[in-house]
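Multiple structures are listed underneath, in structure tokens.
You will see two complexes here that share chain A, one where it goes with chain B and one where it goes with chain C.
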Partner chain A sequence: MLELRTVTAGYDRRAPVFRDVSLSVAPGEAVGLLGPSGCGKSTLARVAALLHRPDAGALVLDGTPVRRWRHGAPRALRTAFGVVFQQARLSADPRLTLADLVAEPLRATGRRAQAADRVAELAATVGLTTDLLSRRPHEVSDGQLQRACLARALVLRPRWLVCDEMTAMLDASTTAALVRVVEDYRAGTGAGLLAVGHDRVLLDRWCDRTVEWASVVPTTRN
Partner chain B sequence: MTGPTPVPSVPPVLSVHGLSVRFRMPGGRRVAAVTDARFDVAAGECLALIGESGCGKSVLASALLGLLPGNAQTAGRALLGDLDLLAADERTFARTVRGRLIGLVPQSPAAHLTPVRTIRSQVEETVAELTGVRGRTALREAAEAAAERAAFPVDHLDRHPHELSGGLAQRAATALALVGDAPLLLADEPTTGLDRDLVDHTVDELRRHVDKGGSRALLMITHDLAAAERIADRVAVMYAGRVVELADATAFFGPPGPRHPYSRGLLDALPDRAFVPIPGLPPELGALPDGCAFAARCDRASDACATLPPLRGEVACHHPHAALTEAVDRA
Partner chain C sequence: MSMADVAAAGKTGTVWRSRSGDRRSTRTLRLRVCAALLTVTVLSVLLVPPLVQLDQQAVDLAAKLRAPGWAHPFGTDDVGRDLLLRCVYGLRVSLLVGVAAALTATVVGTAVGATAGALGGWVDRGVMRVVDALSSVPHLLMGIFIVAMFRPGVWPVVASVALTHWLSTARIVRAEVLSLRARPHIDAAVSGGASRWRVTVRHLLPGVLPQAALAAVLMVPHAMWHESALSFLGLGLPTHTASLGNLIQEARGSLLAGQWWPTLFPGLFIIVPTLAVAGLAGAWRERINPRSRSELML
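Coming up: the complex of A and B.
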């Protein structure tokens, strides 16, 4: 169980982006979080993926509160999360080939030996050809790069997936293809999903339940 | 969808004939970014050019604005009135085309606006450059009028771009595009990354500027099919650099549906339809097959598809869906 309990987070303690937000995702469950741009849903996704320390409240993972964040989080915890961001261009090191990009988490966790096999397997899963794997980000389209970023998120076989507007920049066919990859992975592994977005039609179709941002934020005290 | 039907006797605002763009790459490679594109856009009409990312849509826009890089070669004609945009030189583009004959609504207003200057100063500069208005007070009034035309709140004019929401930044960019009163509005992915309400709002405003007066035309380049459905009169579908289908928007999104298998695949991928992706990836523009570029991903492909299908009537396909099959099936 992934639980956010009355989390307050932001980039300035005096003016948090949101206060007292609670949300939970059960193992194997797909939860869509729907909100307009600028509401703070991406910050919430970062907290849920251990990428941002909240100012108050707790992130509870399978009953254990998370105490350390970002690079400080224990590896077993960090690698339990796969994250896909909205802007593939900004989340891909421009110096790496797509193959190296996908293999990076394996290298970072001392599993270099598995890299060749896993990359080949995942490339087939996300629909990247061998020819594309040898290219760098500037040589591929947004859709192709996002396919690589999704493969990178899956390479360590995470128990939780956090997709922050994963498809907002993509065309309809690539969107449907990537959602299918995520759902096939979840069907095979029982991973839980938090999908953040602003497209109600997409999230309703994709997720078990869609939660409105307004319903996770307590009514503002005035 | 409510635009006036183009009258045949009135020449179109933009007429593109056989437009091709090739990029010469290192090592003698050539990339066929756009091949033999042809379409018209009439006054009062919105044509949506749709297709996957990397299909050549934005290259086509750059060609119309004279913004192609030095290694590009063009062929064909793109007539805007009497002017052939593909034969025009940089001086013509700078002095008569950009802003005056073609107003560009950019993909990313945050990147299009100058970050260190207020919106007011940018609108005033554009007004001074593109119109005869002179003098501080007159410029100030003209800039405020320009902001109002794009529904940009006048009390936000003294803000810098980073102080605006995505929707307001988009309106500021639209205000700049409208200043020159250009007959052609060219919107290049105007809704990328915006949320649904803002998308609706942005495209509705573009539509409004086309409807007002009826002399302006809108070419909207987009991969957002919902945005296209909302405002387009006609749809041009691009695949691997070619226009593979030209259709009336009502028929395309409505019961008869698209005729090209690729267009069908795009619509079927929508989450409110089948939500099924088109198998495979688009081909590389540097290594296109000799025949139909979609054949490798198409469930209707046959031996005939080894030869290139010409754009016959409204669709470039050897095995198009019949114009009314589905409607008849449903009846």
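Coming up: the complex of A and C.
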């Protein structure tokens, strides 16, 4: 169970982006978080993926409160989350080829030997051809790059997926393909999903449950 | 789209292309001139001393303070030593000091800046306050203090220049690391289980390397200038060593007597490599600009 309990977070303690937000995702459940731009849903996604320390509140993972974030969090806990960001171009290191990009988490966690097989397997899953794998991010389209970023998020077989506006910049067919990949992965592994977005139609069709930003923020404040 | 529109679009395209072509050709010309000057300088420094078996210290009092001519293209100094030879030997020492000091300063500055930027928090604040404090001391003064602690020689001068010039590189690298650190691809690396070390070495440092290399290249002439300044003040290299600073320092008296060549030529030997390096660095900066490169690629 992934629970955010009255989380307050932001980039300046005096002016947090949001206050007292509560949200939970059960294992195997797909939760869509729907909100207008600038409301703080991306920040919430980063808090949920242990990438941003909240100012107050708690993140409880399978009953254990998380106390440390980013590099402070144990590696096993960090890699339990697969994160896909909105802007593929910014979330890919411009120096790595797509194959290296997908293999990077395996190398970083000392599983270099598996890299070639796993990259080939995931490339087929997300629909990347072999010639694309040898290209660098600036030589492929946004959609192709986002496919590689999704493959990178899945490469360590995370228990939780956090998709922050994963498909916001993509066309309908790529969106459908990526959502299909995520759903196949979840069906195979039982991973939980927090999908953040502003497209109600997409989130309603994709997720088991869609929550409005307004419903996770207490009405008395903000 | 009407025919007029098509024609206008075509015309704009042509104009744009030719203008960019012009810019490119002047850039290439500048690049070639700078590269040629620098090559000549470096080759003369590397090849002349071993190939030309002339003694730069040979004194010929009968030929003292000769104006430039066939026998001595740059003239002679006040004890009749050939100035062309002295300048080449002087440049050799100055370049050695410049390159060694710039490399040391860049390595130290990059290490400090990357540590501060990558760790952030109180480490960053502490390190950068030390950098601020050191920067508040005039660096020539601090350089003089450092050389004064040792016997005159090449390495104290290198240390004096390097230890006072890593500060700006540290600032540049830290700022670059801070801006890179906030990008989603670093978040992705953290989430992918990368250690702090791996994030720094594999994702942050390659991103700041072009800036650090540029800073290093631009620091070479600056370090040469510093060597000259220290030697001019009599604090740098021992006076019998031909360095550009020493040559100018020795020639001060004769300048007042109307002999211009003993100061002019060593001065040119400082100015020409400086301009060549600055020109090359500028051209390189334009070339490595990832935006212009990605526009070409996409």
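We take it that the second predicted complex is superposed on the first by the 219 of 222 C-alpha atoms of A that agree within 3 Å, B and C clash if a C-alpha of one lies under 4 Å from a C-alpha of the other, contacts with A are read in each partner's own complex, and residues count from 1 in each chain.
We take it that a contact is a pair of C-beta atoms (placed from the backbone, for glycine too) under 8 Å apart; a residue touches a chain by one contact, two chains touch by 3 or more.
Nothing here was measured: the structure is a model prediction, and the numbers come from that model.
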{"item": "First, second, both or neither for A:139, with chain B first and chain C second", "value": "second"}
{"item": "First, second, both or neither for A:95, with chain B first and chain C second", "value": "second"}
{"item": "Partner chain in contact with A:5 - chain B first, chain C second, else both or neither", "value": "neither"}
{"item": "Which of chain B and chain C A:186 touches, first, second, both or neither", "value": "neither"}
{"item": "Which of chain B and chain C A:38 touches, first, second, both or neither", "value": "first"}
{"item": "Touching partner for A:176 - first (chain B), second (chain C), both, neither", "value": "first"}
{"item": "First (chain B), second (chain C), both or neither touched by A:82", "value": "second"}
{"item": "Touching partner for A:71 - first (chain B), second (chain C), both, neither", "value": "second"}
{"item": "Contact footprint of chain C on chain A as seen in their complex", "value": "46, 49-51, 70-71, 75, 78-79, 81-83, 85, 87, 90-95, 104-105, 108-109, 138-139, 149, 152-153, 155-156"}
{"item": "Chain B-touching residues of chain A, taken from the complex the two chains share", "value": "36-38, 86, 127-129, 131-132, 141-144, 168-177, 179-180, 198-202, 204-206"}
{"item": "Residues of chain C touching chain A in the complex", "value": "183-185, 187-196, 198-199, 203, 206-207, 290, 293-294, 297-298"}
{"item": "Chain B residues within the chain A interface of the complex", "value": "51-54, 165-166, 192-198, 223, 225, 265-267, 269-272, 275-278, 280-281, 284"}
